[in-house]
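Chain IDs A, B, C and D follow the sequence of writing; residue 1 opens each chain.
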Amino acid sequence: MQLGMIGLGRMGANMVRRLISGGHRCIVYNRTPDKVKEFINEGATGTTSLDEFVSKLSKPRVAWIMVPSGDPTEQMVLALGERMEPGDIIVDGGNSYYKDDVRRAKLLKGKGIHYVDVGTSGGIWGRERGYCLMIGGETDTVKHLLPLFKTLAPGRGEISRTPGRENTESTAEHGYLHCGPNGAGHFVKMIHNGIEYGMMQAYAEGFDILKNANSENLPEDCQYNFNFADIAEVWRRGSVVGSWLLDLTAMALLENPTLSDYSGFVQDSGEGRWTIMAAIEEGVPANVLSAALYTRFRSRQEHTFAEKLLSAMRFKFGGHVEYPVKG
Amino acid sequence: MQLGMIGLGRMGANMVRRLISGGHRCIVYNRTPDKVKEFINEGATGTTSLDEFVSKLSKPRVAWIMVPSGDPTEQMVLALGERMEPGDIIVDGGNSYYKDDVRRAKLLKGKGIHYVDVGTSGGIWGRERGYCLMIGGETDTVKHLLPLFKTLAPGRGEISRTPGRENTESTAEHGYLHCGPNGAGHFVKMIHNGIEYGMMQAYAEGFDILKNANSENLPEDCQYNFNFADIAEVWRRGSVVGSWLLDLTAMALLENPTLSDYSGFVQDSGEGRWTIMAAIEEGVPANVLSAALYTRFRSRQEHTFAEKLLSAMRFKFGGHVEYPVKG
Amino acid sequence: MQLGMIGLGRMGANMVRRLISGGHRCIVYNRTPDKVKEFINEGATGTTSLDEFVSKLSKPRVAWIMVPSGDPTEQMVLALGERMEPGDIIVDGGNSYYKDDVRRAKLLKGKGIHYVDVGTSGGIWGRERGYCLMIGGETDTVKHLLPLFKTLAPGRGEISRTPGRENTESTAEHGYLHCGPNGAGHFVKMIHNGIEYGMMQAYAEGFDILKNANSENLPEDCQYNFNFADIAEVWRRGSVVGSWLLDLTAMALLENPTLSDYSGFVQDSGEGRWTIMAAIEEGVPANVLSAALYTRFRSRQEHTFAEKLLSAMRFKFGGHVEYPVKG
Amino acid sequence: MQLGMIGLGRMGANMVRRLISGGHRCIVYNRTPDKVKEFINEGATGTTSLDEFVSKLSKPRVAWIMVPSGDPTEQMVLALGERMEPGDIIVDGGNSYYKDDVRRAKLLKGKGIHYVDVGTSGGIWGRERGYCLMIGGETDTVKHLLPLFKTLAPGRGEISRTPGRENTESTAEHGYLHCGPNGAGHFVKMIHNGIEYGMMQAYAEGFDILKNANSENLPEDCQYNFNFADIAEVWRRGSVVGSWLLDLTAMALLENPTLSDYSGFVQDSGEGRWTIMAAIEEGVPANVLSAALYTRFRSRQEHTFAEKLLSAMRFKFGGHVEYPVKG
């Protein structure tokens, strides 16, 4: 089917390629026109303005937005809302906050325009592996878009079937799922990323303890120098902690066993934060997911004010001068 | 090759079966003799006493212990140590504390007996999938046992190869690894389980937030009733959080979506605790692994003394009477 | 000076008494009129409707709201906003979210009405000890209210002076502080309560470890049966952990050493949650404050869905049946 | 009474001074003799060897050790054990691990020598305020030492009496307490320090959130520049979070509002670690005390291996290059 894609960054670009390969007709638009030219060569229809983009879409129009979350997405939704017509569909495939989805969907509903929020996981591997899609919106609108979801998703592939799945109708095992009304798609994606942070941190702490197993604080005959790449590799086979993140860890550690190529300065996107906010609103204890997030906050600072206050208190009650002293 | 297996519980039993299938000759011994009879029918040589067990092994004897960790393993190692001879090998395939391994290995070395610690992951699936083996001990002794490790481990199977692995000699991608000197095997297994706790808790918290997404504390139009089984399933395809634990989660949630069959009373074995102790000895921050462990501690109590003290303080400063009041 | 007080609950009632003792004239209003009668006897001027309340205040009117935070406070601010005139002052002395203060102040400013947010600590002891006041609002408006703040606050009392304070002008050492523009008062109060949760949890965990020092998991000759009341008491003298919360703990443990009178079902008000939300918005790691909050969330449930999922995973990979099993 | 003090560091020196002021006769010994000379002028009897030290003590000898914990204390206990006689008393007033106390007490008991473990809190303020003493040992031995404890402890002072204390016999309100058999004193001191870490971290996180309240991530009209010294000060009066640590915080922030004099490189002594180990052995959830400890571990590193692994995983799945990149 025909669709329009706005945003040809890392994610949008690969999704267009996968859609074209799947036989869909893609009208593309990007803030910088050079990117658009590149895709004309790959079989897409290029456009140089939002008006042109909308005019080239046949009704009911489907405009899929893959621009950075926050203000860029918000502005794009509003701009499309002014240009599109009743029955048209706007898909936000980025990382929006689910409360923003609910608000936008309500706003657009007033104009008869449908809004669908799609949480997308897969990163730079998605073009090849397919994208895991978590979808929120009205049932009929989601149904209309199924051909696109089918193409983008990985399908069953070679992954073993969950026992009992043969008796279900759900599309879940094909890698896409209508999770509920508006916001539900991004809510599920938010939790997905929250879990991702927690899993990453679990591996990270484990390998950190392995690395420091040569510490002089351990008894002399209990100190070890481990081969981290080999350990990650062996855990990929038959162990309880096998995962795709472990596969990636095994790659990274084989290439660069000391991880000297990596800064340890760890960014976080909105989802990890929103996950904790949802947990707090709901009253759910989320110690692990919070700690994973806080590690990232801490990783981006030299010393926190909190730590300086600890030093100050220790000096005041015990005369402890911390090394190295500043000032 | 020939080996002796002591302990025919869930783990030991399936390992014997996998070893027999792999062409090895198994002499077996178990505290309760009924289990032994069962394995005679499956092709093992049964024994009814430890003396008989040792006498049926050809030199250098290989005795693999799969009995509960702690005292039972300790007693068995000592009992074998009294019966075996220089050059013989004792393998502890259970969940021993690595410092115990180091101590035992030293003790046995005095008698010329070799000790190998093997951390084993795979659970009830190991017979079919193979066991991931993390091995600590002297190089020659480990080399001597390679045929057994090869049979027990999963091998490369259909799991994708880590890029660059083609240029390495390590056995890691076959699912077994000589991790270092004595204790190294169980150290790596300990960390493996620590990570396992952290990953499990990451999923658990994530699904808990999903479940409480119908909370009245969320804005009315942002409340969702999710299908947890479908969400677990869709994440198995193309997402960043795919893992074997997620596969199992998808099974459990499909069978019993409310998890009403499970108590939420969560045991912990020694490894999670030892992981934190190692982290503390080394000075490694391990917030996620600790929080995962503490959740289990908390899950087994009605109310902690800590919580009662919180109630008491709140009453004292604010006159807050907590509901329900005891006494 | 004259002021109006709305809300004669635990906090409001004692504040009126302290203000009357301090020579101020209090016009009072309460949702249930019985409370009002009680205060007429204590020297306040009673009113039976909001209109009457406003009419009895001389200009510029000062209306201090001490009703439950959230909707009751919001409604009261709006209702007063409709009845009051330019130059009048509304004080929110409750536990509002600082972002609500900012919004309300802006709304009232349109009508020429001033808004002051006052975070109040002191609990049921405040009448006797005085209330610690954290104030947000315009400088002139705050200045106008100083006589009230002075009366409500504890003053310097017998508490030792911080070295260097003799050279400062701040009112801080008298127990009230203009913290900044609107919202600043409740922001500081929010953090105060966040810290309070963390401190309480620190004591609670410490005493929990003391209580379980008779655990059979400790070596036999390292098991202790401690007298918790005496320990709390001895720490009050010369130790680093002395505090008012410890004073209260010492009281509670002396009266009821097993804390059997307390449920361990621990409520949380909004501030602990908002503190974490602020930390996340700012990117500040707040592991301790979060963990303190989550303990309260957990304390109010029998078993979390998270824990059941842990049980489910353990059963699936290890065949572990958790006791007690549900079902 | 007469006693011998070994170790004239910060703690030991001030304790000797307080004991001399209290009318006790102090025989002193120190590794470096210069310190000893200083105390001769202050009224102590100096000694230049351990043999001389022991010979100058009258029977039953009381030798109080205040040397660094760990090996120095261990060696000194053993050295004294060889020189002292049945009925003599060795007091370890340092920060020993309670399991070491139990072991040493048993060892010395074989020689008829008594051992008392005394946890001492008070820091550099102890000479003036008195020391809070947590005591473990045999009842008779502890009784014999009471005159010393009374002098060292703060006594009731001006601190308010806990209601009901008038009916108790305990010495707790005088600031010293016989907590139980050997090890009990240092166990209680260990928990004391664990709580101290938790409280410090609660304040530290709270002030960190206050400091970052000017973050651009907060809505523009909800950003604040707080005066931290004034906030610490106001909380000292009538609030729930008042404490001695807050008094010290108020001092530090008044002198140096940006805390630029402090490094934020925070040491930890053994007690915080042992507290967590005890919690784990007992099965007590200790999220707050653990997180407080881990903050210190983290504060002493530039980047953890864990953080680098997070960067590595993010690069592998998302192509995210973290800034600043190494290598």
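Heads up, the rule we're going with is that contacts are C-beta pairs under 8 Å (C-beta built on N, C-alpha and C of every residue); 3 or more make two chains touch, one makes a residue touch a chain.
Quantities reported herein were computed from a predicted structural model and do not represent experimental measurements.
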Per Cα centroids, the chain farthest from chain D: A
Classification of the chain A:chain B interface as same or different, half of numbers criterion: same
Centre-of-Cα separation between chain D and chain B, whole angstrom: 38
Distance from the mean Cα position of chain B to that of chain A, given in whole angstrom: 31
Distance from the mean Cα position of chain D to that of chain A, given in whole angstrom: 46
Averaged-CA centre spacing for the pair chain C and chain B, given as whole angstrom: 46
Contacts with two or more other chains, residues of chain A listed in rising order: 123, 201, 203, 205, 207-208, 212, 240, 244-245, 251, 281, 283-287, 291, 294-295, 298, 304, 306, 317
Of all residues in chain D, those that touch chain C in their complex: 98-99, 102, 106, 121-123, 126, 129-134, 153-160, 162-165, 168, 170-177, 179-181, 183-184, 187-188, 191-199, 201-203, 205-210, 212-213, 215, 217-219, 221-222, 224-227, 229-231, 233-247, 250-251, 254-255, 275, 278-279, 281-289, 291-292, 294-295
Chain A to chain C touching residues, read off their complex: 240, 273, 276-277, 280-281, 283-287, 290-291, 293-295, 297-298, 300, 304, 306, 317
Interfacial residue positions of chain C with respect to chain B in the complex: 10, 123-125, 200-201, 203-205, 207-208, 211-212, 244-245, 248-249, 251-253, 256, 259-267, 287, 291, 295-296, 298-299, 302-320, 322-327
